[in-house]
Amino acid sequence: MATLAQAIRLALHYGEEHLGVTDIFGEDVGAPLGGVFTCTQGLKTAWNSPLDERGIVATALGIAYAGGKPVAEIQFCDYIYNVIDLLKLCGNAHWSSAGEYHVPMVLMTPVGAGIHGSMYHSHSFESMATHIQGWKVVMPSNAKDAYGLMLSAIADPNPVLFLAPKGLMRAKGEEHIPGEPEDERQLHQMIDAPVGDRQDWQPRWPAVQDYRVPIGQARTCRKGSDVTVVGYGRLLHLCTQAADQLQEQGISAEVIDLRTLYPFDEQSVFASVRKTGRLLVVNEDTEVTNFGEHVIRRVLDECFYDLQAPPKLVAGLDVPGVGLAWGYEKNSIPQLADIVEAMRTVAQSQP
Amino acid sequence: MATLAQAIRLALHYGEEHLGVTDIFGEDVGAPLGGVFTCTQGLKTAWNSPLDERGIVATALGIAYAGGKPVAEIQFCDYIYNVIDLLKLCGNAHWSSAGEYHVPMVLMTPVGAGIHGSMYHSHSFESMATHIQGWKVVMPSNAKDAYGLMLSAIADPNPVLFLAPKGLMRAKGEEHIPGEPEDERQLHQMIDAPVGDRQDWQPRWPAVQDYRVPIGQARTCRKGSDVTVVGYGRLLHLCTQAADQLQEQGISAEVIDLRTLYPFDEQSVFASVRKTGRLLVVNEDTEVTNFGEHVIRRVLDECFYDLQAPPKLVAGLDVPGVGLAWGYEKNSIPQLADIVEAMRTVAQSQP
Amino acid sequence: MALSGSPELTRWTPPVLDEACKLAIHNLMVKSRACEEALIRMVRTGHGYFWIGSPGEEGFGVPLGMLVHKGHGPAFDYLHLHYRSAPTVLAMGSQPIDLLRQMRSTVTDPYSKGRNFVNHFAIKPWNIVPVTPTIETQYAVAPGTALVQRRHGGVGISIVTGGDAGSAEGDFYSAMNWSTRPDQELPVLMLIAHNGYGISTRAERVQNTRELNRRGDGFGIRNAMVDGNDPIATWNALVEAMDYVRHERKPYILQGNVSRLYGHSSSSGASLLDEPDCLSLYEARLLREGLATAAELKAVWDRWHDALNDALHQVIEEPMPDRQHVLQHVFWDGPAGN
Amino acid sequence: MALSGSPELTRWTPPVLDEACKLAIHNLMVKSRACEEALIRMVRTGHGYFWIGSPGEEGFGVPLGMLVHKGHGPAFDYLHLHYRSAPTVLAMGSQPIDLLRQMRSTVTDPYSKGRNFVNHFAIKPWNIVPVTPTIETQYAVAPGTALVQRRHGGVGISIVTGGDAGSAEGDFYSAMNWSTRPDQELPVLMLIAHNGYGISTRAERVQNTRELNRRGDGFGIRNAMVDGNDPIATWNALVEAMDYVRHERKPYILQGNVSRLYGHSSSSGASLLDEPDCLSLYEARLLREGLATAAELKAVWDRWHDALNDALHQVIEEPMPDRQHVLQHVFWDGPAGN
C-alpha cells in the first residue's frame, strides 16, 4: 500500500495531469529532494522556492489570480506563523471583492508531533487555521483519504489548507488508491527517487484514478453506543486503538474521523452524540482556544439536553512548545493511555 | 474623567517615570501624532518606527533582551497577522531557554469593531492571542482599568499583550484614576496636544499614582442570580446595558468583566456559574475557534452538573471580514438586541 | 482614454505623446481630482465614513493608467494597486460613480459591494486584483501574476504600486528577490509613490535615502526616480521602464515624487495643504505652451463637476447592503479559473 | 581562549594575531570539529534524535568567537546566532559537554533543559540570546539589542549570523532598514555563512548573486565577502568589520563562504561530503609555515577526543526531564531586567 507521503504525491501527479495544477512549489519541494517528506518527488511542475514563506504564499495567490492552479507548501506548519496575514488575504479576497476574484489554491503543510521534532517541528495548526475565514481545512488520517482529500482540495475553486500529519507520512494505507499497483515494492520502484544521484531519474507514474473524499464529510471508523469520540490526523489512530481496548472492557466507543475541519461535518457529530449522549474530542493542538472547543460548543448548541456527561477535550498541554526529551512530549501531547483514560471517564461519568 | 486613551497615556507616563519604561514605539507613536488614538502623545520615550510590524515586535524583543523595557504598538490589531511567529518567539524564549532569558515587554494594539472600520479596522484578536503561549493578555473595558492593567502589564517581567477596545478609546471613565485632576478640562489642557502646530508643545503631567489591576482578576459589574454573563472590552457595556434592561423584566443577570483573558479568572467564573446555573459568553471575535468557547469548555470541565441550560456564545459571525456598510456590521457583530435576546434565552431555557 | 491592446502583441509601442494626448492627460487628471474632491465632500456631509485617496498623485497615476496594456488574462498587465490609485483606474476608463458608490457603501459598489473603504478596487476584466488595506502585501503577490506572464509570453507585465513608508516592509524585499531569481526573472514594474510621509511619520526620519528605488541596487534591479508632479516626465519615465520590463521581461523600480494634497485621509482632516499641486502646475504649462485656453480648461472642470453632481444624486438613492448580503461570496462555487 | 573585556572600553583593540593566537585558532577549530563529530556519533548510536551543526564553518566561526567582546549587558557584544554557531560559542569558552547534554536532552542541558535541538544556545552571562529554530528572525531582533547599545555608548555591538538561503526572508531587510535609520544608525554586524545551500536548494538557483553581502548596497551599508574557509583571512576581515561597527556605530555585512562538510543535518544522513575542509587546509598551512609539527597537531586532536569521550560517559548517566519539568519556566516571576 502507498504511504501517506506517496498518496499525496500520486494525488499531485493526478492533479497535474487532470485537474490543471500548474505549480507545486515551496522550500526544497523541487528536485533533487522533492520535499522533506518526499511528497513532491518527481512531479513535473514542482520547483524550489527561495526560503521565504511570505513569498511562497503571496506568489501562490498571484498565480491563482492569473488563472493558474498552485499547490504551495510551507515546509513545516511551525514556519507558517509569519504569513497569517497573507492567509487572511487569500481567504477574504473573494468576499472583499464581492465575488470579482476567487482564489483557487492549495496550501499544504505538515503538522503535529510524534517524530521527536522538538519545539519547531511539533506544532499543530488547526486551531488558528479554523479561525481564519475563507479557507477550507482538511486533514487526512490515512493514505487513501489523503489522496481523496487532495483531489478535492485541488478541484475546489477556493483556498484549501491541507494539513498533513507528519507522524503518519511513512504510514502505509489499509486500502488501495484506485489505480495504485498491487505490489507496494513496485510502487516504490516506480515513484520513489533513488538514494544518491537523481540527476537522470524519472518517475514512472501508475495510472491512478479519480477518487474524491468530499470536503465536509466525516467518516465513522468505529461504530459504538457509549461515547462519541471525535478525532483526526495522527491521534485518530490512538482513538481507534483506545476504542478497541475499551471494547474488550465492555465500553463501546463510536470513533469519528473528521477529515475536514472546516467546514466540519456537524451533522455526523450531532447524530452520534444524540445516540451516545457523551462526547470526547481529541487533538494535539494546545488546549486554550482549541478547535476541539469549537466542536464541543456546537454540540452544546444543538445537543445539550442529549448529553449525559460533560463533554471533554483531550488536547496538548498549554505550554510554549513540545520539548525534545521524551519526558516533555509524553507529558504534553496526548498519549494512548491519556485517551483511554479520558474515554473511560466520559463513558462512565455519572452526576 | 480621563478617556480610555488618556488613561493609557497616563499609565505610560507613570511607567516611564516609575517602572523603567525605556521605549514606547510603533507606527506614528511618536511626535507629532502620538498615536492614531493619541495614546502616546507627549511621552518622553515615544518614537516613530519604520512601517514594519516585524521590525517593531522583533526590536522590542531585542530591547527586552538587552535590559530595556519596551512598550511597542501595532497600530491596529488588523495588522498584527504578519508577526505571529515573532509573538510566539517572545512567548517561548523563557521556556525554550529554560529560564535563561525572559522577555519583559508590553505590546499594545487596538482591537474590535464599532467605529465603521471596515474590513481592516474591525478585527478582534483575543482568540488567536490566547492560543499563543507565554503571553498574558489583558483587555480593559474602562479608563481606570486601562490604567491599572497597563501598570500591571509594564511591571510584569513577561510579555503582556494589551488589547485596547478601539470603540472605547474616547469613552470617559466613571472613576478617577488616582492623581487625575478633578476637572477633565484641566486634564485636557495639561496632556492633550493642541490641534495644529505642536512643535513647541510639552505636556504637563498630573502626578498620577500607582494603581494596579492585578493580571488574572475579573470584576463582577452586576450581581445577579439567573444567568452569568462573561464579557470584556467594548461589548462588556452592551452586556451591562442588557442586564439592566432584563432586570426591569425580572431577569437577574450577573455580569463579569474578565479584564484578563489569559490567564482568565476561572474561579470567579466558576463561582458565578455554580450560583446561576447558566452561562453566556459574549465577544466580537469570529465564532469558530473562539476564545469564548474556551471559557465554556473550562466551565463544562468544572461545573457541568451545575448547568441548568446550555451555555451559549454570542460572537462575531463567521465571515471573512466586517463590511463597511452598517448592514454588514450590524448583522455580523453582536449588537445590544442580540445580547439581550441571548441572555433571555439562556436565563429562561428549559429542557 | 486608456489604450487596450490585443492579446497577440509581441512588441509594445507606446501611444504617441502628442497634443491630443497631453490634453487627454489633463482631462483625466481633472476627472480624478474632481472625483476625489467629491468623495471628500461626501465624508464631510455624512455620505460616507472614511476617505483615503489620491489628490496630488494624478501626475504620476494618470500616465500609468494610460500606458497600461489593458485587458483580461496574462497577455495583459496585472495591477496590484495601492489605495491611492484612482488616477490610474479612472484613466483606464472606470466611472467616477463607482467610487461614489464605494464611498457610500451601496450594494451597487462594483468593487466590494459596500464592504471596503473607498479606492479599494477589484476589476477582473482589467486584471486589477483586489486592493488590500494591508500595506505592501501587494508587492509580494505581484511576482505570482508575473510568473504566469513570463510563461505565457507576450508583453503583459505585473505592475505594483505602493507608498514610501510601506517600502519598509519585508514584502518589498520579497518582491525584489522573487523577481530576480536566476533565469527566472519576472516582468514586474514596481512603482513607489513617494509623498514624504507614512501617515504622520516623515520619510527622512525613518529611511536613510529619499531614493527608495535605490533599494533595488542590492539586487541589481534597474531603477529610477522621476518628478511625479510632472505628468510628461512621468510619461516618459514610464515608457522607458515599461519598454524594459515588457521586452526584457525583468523587473524595474520607478519612484515618483508626489504630493499629499489633502493629507493622509479623512482621519487627519482631509483639508487642503500647502504642497505643490501637479494639476495646477500642469494647467499652467498647458497655458504657457498654448495647448489650451483658461476657458477650455475650466470647461473640463465644469464637465466633471456636473457629472459628479449627477452621479452623487443617483448614488444616494441606491440601496445599502443588509442582512441578506452578509453571507454572500464567502466561498465560490463556480469554475476554478480567474 | 576568548578575550573578555571591560565594560568601560571606549576604544577596542583587537588581540594580536601572533603565533600563539594562530595555534589557539587551531585548537578551537579542533575543539569544535571534534565536538560536532561526537554529536553526530551520538545520533548514530541512539543517544540523540537529531543533529544539526557546523563542521565546515570553523574557519569562519572560531575567529568570530575569539574576537567577541564577551560579557553581560550592553557594554558587551550581543550574539544572535544561527544554529551553526558551535565554533563561535566553543571559542568563547563554552564546554563541549554542554552540547552533548543538549544533544542527549538531559535535564542538565544548560541551554534548554532538554527542550531544543542541539546547537540552540542561550547564555545570558555572555549575551548569547536564545537561538531560534525559525530561520532569519534573529536578524530582525538584533537592531533591538543594538539600539540599547547605541544609547549605552562604548564599543559593544550586536552580532547576528545566518545562512545564505535565509537571507531571502524579509527579516534580513528589516535588519538593514532598522540599523540605518537617519541619525539612528545601529552597531549591528551582520554575518552570512554562505555554504551554497538551503537544505537541498542550491543558492545559485534562487539568488541572483553569490555575494549576498551586496544586498546591503540598497541601503548603502558597507559590506564585504571573505573566504570563510580561511581563518586568517576571516580574522582580518572581522577585525576590519568590527573596528568599523564598534567605533562608527554603524552596520556592516560580512559574508564568509564556507563548507557544509556533513550536509544539512542528520535528516540528510550527516555523512562526510567532498567539500573543502577548512581545518585540514589550516593544518596544512600551519605545517607549511612551521608553526606546528604533525605530532603536535595530532596531540590537539587526541586531547579533545579524550575529553569528549569522558564527557559522553558522564552525560549518558545524567537524568532526563520528566513530567515535573514540563511546566517549569512558562512565566518568570523574578525581577524584570535581563
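When the chains are written out, they are named A, B, C and D in that same order, and each has its own residue count from 1.
By definition in this document, a residue touches a chain if its C-beta (ideal position, glycine included) is under 8 Å from a C-beta of that chain, and two chains touch if they have at least 3 such contacts.
Computed from a predicted structure; not experimentally measured.
Between B-C and A-C, more contacting C-beta pairs join the chains of A-C. Compared with subunit C, the chain whose C-alpha mean position is the greatest distance off is D. With each centre defined as the average position of its C-alpha atoms, the distance from subunit B to subunit C rounds to 37 Å. Each chain gets one centre point, the mean of its Cα atoms, and the points for subunit A and subunit C are 41 Å apart. Centre-to-centre, using mean CA coordinates, subunit A is 34 Å away from subunit B.
For the pair subunit C and subunit D, the distance between mean C-alpha positions equals 46 Å. Counting partners per residue, subunit A has 50, 52, 54-55, 79, 82, 85-86, 94-96, 119, 133-134, 319-321 as the residues that reach two or more other chains. Across the assembly, subunit D contributes residues 112-113, 115-116, 134, 168-171, 174, 177, 181, 205-207, 330 that each touch 2 or more other chains. Partner subunit C is touched in their complex by these residues of subunit D: 168-174, 177, 180-182, 185, 204-209, 214-220. Looking at the complex, you find that subunit C touches subunit A at residues 73-74, 78, 80, 109-113, 115-116, 120, 122-124, 129-130, 132, 134, 137, 140-149, 158, 170-171, 174, 177-178, 181, 328-338. Of all the residues in subunit B, the ones that touch subunit D in their complex are 20, 22-23, 50, 52, 54-55, 58-70, 85-86, 89, 93-102, 104, 133-134, 136, 155-158. Taken in their complex, subunit B has these residues touching subunit A: 54, 79, 81-88, 91-92, 94-96, 119, 127-128, 130-131, 133-134, 262, 286, 288-291, 293-294, 296-297, 300-301, 304-305, 309-313, 318-321, 351.
By the touch criterion given at the top, residues 27-28, 30, 32-33, 36, 48-55, 78-79, 82, 116, 118-121, 317, 319-321, 323-328, 330-332 of subunit A touch subunit D in their complex.
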